[in-house]
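Look at the two complexes coming up: chain A is in both, with chain B in one and chain C in the other.
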Partner chain A sequence: MTAELPPGLALQKADERIMTLNVGPQHPGSGHMRIVVQIDGDYIVACDPDPGYVHRGEEKMAEYRNYITNIPHLERPVIHDSCNILYPYVLGAEEILGIEVPERAKYVRVIASELNRCIYTMYWLAIYGIFLGHSTMFMWPAGDRELLIDLMEKMTGARVTHAHFVPGGVRNDLPPNFEDTCLRQVNYFERRIKEYAAVFYDNPVLISRTRGTGVLSRQDAIRLGTTGSVLRASGIDYDLRVKEPYDVYDELDVHTNVMKEGDSYARSRVPWLDMMESCNIIRQALQKIPKSGSVRTKLKPNPKTKGPATVYKRVESGRGSLGCYIVSDGKPEPYRVKMSVGSFRNLIALPYLLKGEKLGNMPSVYWSLNYWPVEADR
Partner chain B sequence: MSVIAPKFKLSEFVKSLLDNIFWVLLLMTIVGIPAVQIALFYIEMPVIHGELLTPFLALTWLADPTRLLPVIHALMATDFFRIAAFPGFGFAALLAAGTIFIERKMLAKLQLRVGPFYCGKIEGILQLMGDGLKLISKEIIIPAKADKPLFWAAPVLFVGAAAAFVALIPVAPGWVVADVDMGLLAVFAVIGFFPIITILSAWSANSKFPFIGGIRALFQMVSFEIPLILSLLGVVIVTGTLNLSEISASQSFFPWIVFLPVGAIVFFITMLAELERIPFDLPEAESEIVAGWLTEFSGMMYGLVQLGTYLKLYAFAALFVVLFLGGWNGPMVVPPFPEELLVGVEMGPVKVGPFPGLPLFDQAMLNGTFWFVIKTVGVIFFILLPRGVFPRIRIDMLLSLGWTKLIGLAFVNIFIALGLLYAGVLGPGGLQ
Partner chain C sequence: MMSDDSEKPVADPKPDTKSSPPPKPDTKSSPPPKPDTKSSPPPKPASKKPEEKPIELPAFEKGISDKLVEKFGDKVEVGFVKKDRVRINISKENIHKVAEFVRDALNYDHVESVTGVDFPTDKEIEVVYHVGSYTDSSLARQILVLATRAPREENPIPGQDSTRLPSIRDVFYSAEFGEREVFEMLGVYFEGHPDNRRLLLPEDWADLPPLRKDFAIKGR
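After this line comes the complex of A and B, so read on.
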C-alpha cells in the first residue's frame, strides 16, 4: 500500500538529528493553519499540514437556512473571491428552484466573477511577494487591488463581501455609465500588472530562487488531484471556463494559460497571466452584454423547490475548480450543502512537494499552491 | 481619494506651545527657584579673582562670550567629547536615526504609499521618537528557559561592538576617536565580534527559530568575512598603510574606486551581507523563521539591537567612504573664518571682542565633515535601495556566492592593485 503512495505521503522514522518546527498558527509565514515541519539541518524531511483552525461549519449552517438566506454566509470562506465561491451554489439553487436567468444577468455575473478573480489573485500575489521578502511586491498589488475594489463597490455596494449573486440573476443592475468606467479601470489595471514583470517576474534573484523548486510533475499533479493554477502550471490544459462552460463563457473567447515546468515559479506566474486573461474576458463581456433588460427573475422570500433533487455544479474560481453539491428533499431548506474547494485539493500536494526541499523554499512552495486556509476549513 | 492629511491649524499649534511654556515657567517659579535657593544656602561659594562667586555672577560669566568660549573650546578638546559627541557615538547615532527615517520614507515612495506621516506634523519626522518611546515603555519578556545573563548581555554587547566600530572611523582630518596605526586590522577584529554575539544571543534564547537564525547568521557572516577582508587588501597594498586616517589622506587627488572598482563592488556586496540587509537578510527571514535571531527580544532589548544594527550600517558606509571614495577629501566649500572676530570689531563707540576661544571648528574640519557626510549618506542610500527591489535569496545560493565568486573577484582585485604598483602607476615614483 505504501509503495503506491507518492513519496511525500509516507510516514517518517524519528531521528535525533531531526528537529520539529511548528510553523503556525502564530507565525508570519503560515496563514491560519499549522505546518509541522521536520528538518534535518536545512532540509525538510517531512511536512504535515494541519488545517482546521478557522473551521466555521458553513456547510452545517446552510442546512438551517433557506436558499436565499444562505447567500450572505456561504461567501465568508473567501471574502476576496466572494462572487466565485457563491457561483456554484447559485447555479445549483437555480436548478433546484427551477428558474431561468435573464441574459443580461449572466453577463453581469461573468464580469463580477472575473473582477473578483483579479481581486483575489492580487491579494494572493501580495502575500507571495512578502513571503519571498519582496516588500514592494506586497505594497503594489495591495494598492492596485483598490482599483477593482472601487469598481466592485460601485457595482454591488460592498467592498469585499458582495452577496451579489442570487438565484435568478444578480441583486442589482449595473450603475449608469458603468461600462465606460469598468473598461477604463480594467485597461489601466492590465497596464499596471504588466509592470510587475520588471520588478518581480523577471527579477533574476526571484527566478534563481524559485525555478526548479517544488517541482510537481504532470502525472503527480493528476494523481494528487490538484486543480486550478497548480494543475495548469504542471502542463495540463484544464480550465472549467473552457472545458465545462457555465453561464455565457461559451460565447466568450477564453484562453487557457499553461506552463510546463511545474515549479514554484510557474505556479506563481500562471495566476498573473490569468489576471490578464480575466481583463480580456471582461472587455469581451462588456462588448457583448445586452444594453438593457432585466437582471433578476424575482423570487418569493421563501421560495418553494420542485421536489427532491440532487445537483452538483462547479466553476473555475481563483484557486481552481470549486464545486457545490446540493441535496434537496423538497423542503425550503437544503438537506445538505457540500463544497468541494480548490484550496484543500491543492494542499494535499504540499507534503509531497516539500519533502527534500530546503527550509528557505517552504514559504514560496507553500504559497505557490494557491491555497487559502479559510476556504479549506470552510 | 480621501484626504489623508489632517488639517494643520497654526493657531492651535502656537497655543499648545504657549501652554507648555506657561507650565514650565509656573513650575520653575513655584518649585525650581525655591529649591535652588535652599540648595545655595548650604553651599559655600568659591572666591575667584577676589570676587565671591554668586549664582548671579556665574550666570553673568556664562553669558560673557569671552569667558564662555574658552570653556567650550576646552571641553571640545577632551576625549569625552570625541567619544560621546562628535566623531563618536552621538554623531553616528544621529546619522543612524536619520537613516531609519530616510529608509522608511524612501521605501514608501518606492512602493506608492506615504510612509510615516502623522507624528510630528511635518512628514512624520517624530515617528522615530515615538517608536523609541513605545519600545522603552514595553515590557521586556524573557523566555523561561533562556540563559538569562547571556541573553541580557547580547543587545548591550551588540551596541558596544557597533560603537567600537564607529570609534575607528576618521570623519575629518584629526577628528577620530581612536587613531590607531593598525586601524583596518582593528576594524576586522571588531567585525569578527558580531557573529559571536549573534550566535551567543541566539543560543541563549533556547528557542528553535532564534537558533536557526543564529546559525544562518554565523554561516553568512563567517563566509562573507573572507571576501570582505580580501577586497580591502587592494587598498592596503596601494597605500602601504593600515591607518584609516592615512588612507583617507592618501586620496586627496583621486579616490581609490577609480583604480580598484572590482574591490569596491566586492566590498559593497559583502557589506550588504554583513549588515543582513535585503537581499541577504536570511537570518531575519520572517516568512521562514519568524524574526530569526531577534525573535525572542522584546521592548528596549530589541530597540538596542536595532540601534546597533543601524550604527553598524553607518560604520560600514563610512568605511566604504574612507577606503574607496576619498573620505573627507573634497573641494573647499566652507567659507574661511572671518578674521576680524579674532581681533575684535569696532562698531562706532562700541568695541566687540576679541574672542579668545574662536574659531571653535577650523575650516578644514568643517569642510571635511561636510564631504564625509555627503558621501556617507550617498552610500547609505545605495545600501537601502535593494530592499525595495530584490527578494530574499536562499542560504545555499548565498554561500556559493560568498565562497566562489566573491573570493575570486577579491583576488582579481589584489592582482589589479599589485599590477598598478609594479607598473609604477601608483606608489613611489607614480601618481603619488
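After this line comes the complex of A and C, so read on.
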C-alpha cells in the first residue's frame, strides 16, 4: 500500500522506543485541534499539528455571496477580533468597488480595531494563564475585557461578531458622548492591565516555567515566516501599522514592542505590551477624530465592481499580519477570496519549537504562539 | 507507478505552454479570470496603461520588476506594477529558479500566503505566492506576487494526475503549510514537497478538491 503512494504521502514507520500521543481535539490544552506528539520518555522528538476540526469553508462560501453579504460570515473565524479579520477584506473590497472612505470612518475603524485587539488579547491571556495553572490570570482578564466589550456594544450594538466594517466605512456612527466614555474606560483599563505585572509577568513561577522554553531564534523566525507577536518577540521590528500604514495609522504615533529573547516568556509579554500601545493609539485617535461628518459612503445593495482585478491587502491583527487576496472577475461576487491569517502562519513554528522540549512545556509553548485554531482553519 | 507519474509532467509542458500564450496580452492589465475579460472591461485598463506608464509606474517597484526581467528575459512576464505590489507570471518550469533568485538577489525571505485559484475555462489552476521581506527594511511594504499555472484535469485524482507543480518549499520554508493547503483544496501536487498530506480536510474526504469551481455548495 505504501509503495503506491507518491513521495511525501508515505506513512510513517513505528518505533518501539517512541510513543505517539494524541493531544486533542477534545483536550482543552490543544484548543480545537489535534497535536500528534512523539515522545521519548519525557521529551518530544517530533510533533505534527493536525488542524481542521473547525474548518468551515469560509473561502468557498465567499465565492457565492456578493461583497456586502460576505461580511457577517467572514468575521466568524475570530469572533473576538472580528473588526481586524474583516479589515483587509473591506480594504480590498473598497479598491475593487472603487469607493472612498470618509475621514471620520477611518478613525472609527482604528478605534474599533484597537479595542478589538485588546479584547482578543485579553481572551488569549486568560487561556494562557489557566493553562499554566494560574487561575487569577484567567479571572482578571476575563473580567476586565468586559469593560471594552461594553464599549464595543455601545459602538456597534453587539458584544461579539460586530459586522461593523463595511466597504465604504463603518455601519453606524459613534453614539453620543462615546468619546468621553471610551477615554475613561480605556484609561481605567490601562491602569488595570499594568497591575498584571505584579501578579503574572514578574511572578517567579511564570518566569521559571517560560524563560528559555521554546526559543525561536531571529533567523528561524524569519525563515519560518512567523508573524505578529511571535516575530516581534524574536527581535524583529515589524508591525504593519508602522511599516505599511493603512487608513489613518500614518497620522498616529505607533510604537512597536520588540523583545530579543524569543522564548515563551517574551512571546507572552509582547501582546501585553501591545495592549498598552493600543490604549495609547485609541487616546490619540479620540483626540484627532473629526467631530462630525459622514461615516459611510452608501452603496447599492448589489454594488458593481470596476472590472477584473486582483487585490492583496493586509493589516496587523491581534495575531499578526492578516492578508486578504481577492480575485474579481467583474461579477458582483468575488471570484476567489483567500485569507492569509496569522494563526496559520505561526502554526509552522510549533513542530519546530516543540522538538526536544519536555512534554510538560507543551501548553506554555503552544499558547505562547498566540494561536487561534478557528482562525487557522477558516 | 511512480515512473509513470514522473513521465507525465515531461509530456505535459507542451500543452501547457501552448495554452499559456493567449493569457499574456490580458494579464498585463492584471485580470487573471480570462473568460470574462473578453466581454468589455479588459480593453479599458489595457488602453489606460500605456498612457499612464511613463508617469504613474512607481519607481521602486519598477526597479524590482526590471531586475527580474533583466535576469530572466522573456521567461517571466510582468503582470502588473502597482504601489507596493509587483506581480510576475512565470511558467511552472521556471518558478523554482525565479524563487531562488528572488530570495538570494532581491532579499525576499518569506512567503506570506499560497493561494490556489481554479480557472476551469482555461483548463488551468493558478498558484499565487505572496512573498515579503523582514530583513530588508526597504522591502517592508512590498509584496512580490509570483504566479504560476498548472494544467487542470476534469476528473482529478490528487497526487496521481498531471496537475503538478515544482514545490518552492526548499527555497522558502514558510511555504510548507500553504502548499499543503493548496494540494488538498485544489489537488495541485507539489513535486519535491516532503510532506504532501492533508491538512484541514478530513482524512476520509473522497469528493472533488473543494475549492475547485465544479465543487458546488448545496443549495447554491
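Just so it is clear, the second predicted complex is superposed on the first by the 364 of 378 C-alpha atoms of A that agree within 3 Å, B and C clash if a C-alpha of one lies under 4 Å from a C-alpha of the other, contacts with A are read in each partner's own complex, and residues count from 1 in each chain.
As a working rule, a residue touches a chain if its C-beta (ideal position, glycine included) is under 8 Å from a C-beta of that chain, and two chains touch if they have at least 3 such contacts.
The structure presented is a predicted model; accordingly, all values stated were derived computationally and were not measured.
Once the two complexes are overlaid on the shared chain, A:238 sits against chain C while remaining clear of chain B.
Of the two partner chains placed by superposition, only chain C is touched by A:338; chain B is not. In the superposed model, A:140 makes contact with chain B only, not with chain C. In the superposed model, A:347 lies in contact with chain C only, and not with chain B.
Of the two partner chains placed by the overlay, neither chain B nor chain C lies in contact with A:194.
Of the two partner chains placed around the shared chain by superposition, chain B is the only one that A:363 touches, whereas chain C remains out of contact. Of the two partner chains, chain B is the only one touched by A:208; chain C is not. Ranking chain B and chain C by residues of chain A touched puts C first. Common to the chain B and chain C interfaces on chain A is no residue. Residue ranges on chain B touching chain A, taken from their complex, read 107, 110-113, 208-209, 212, 278-279, 281-282, 285-290, 387-397.
Put simply, chain C touches chain A in their complex at residues 1-2, 5, 30-33, 35-37, 39, 41-42, 44-45, 84-85, 87, 109-113, 115, 117-118, 128, 130, 134-135, 140-141, 143, 145, 159-160, 172-177, 189-190, 193-202, 210-211, 215, 217, 220. The touching residues of chain A, counted against chain B in their complex, run 19, 21, 27-29, 42, 129-140, 143, 199-200, 203, 205-206, 208-209, 358-363. Those residues of chain A lying in contact with chain C across their complex are 3-9, 50-52, 55, 57, 59-61, 64, 222-225, 231, 236, 238, 243-244, 306-310, 312, 314, 321, 323, 325, 327-331, 335-336, 338, 340, 344-345, 347-348, 377-378.
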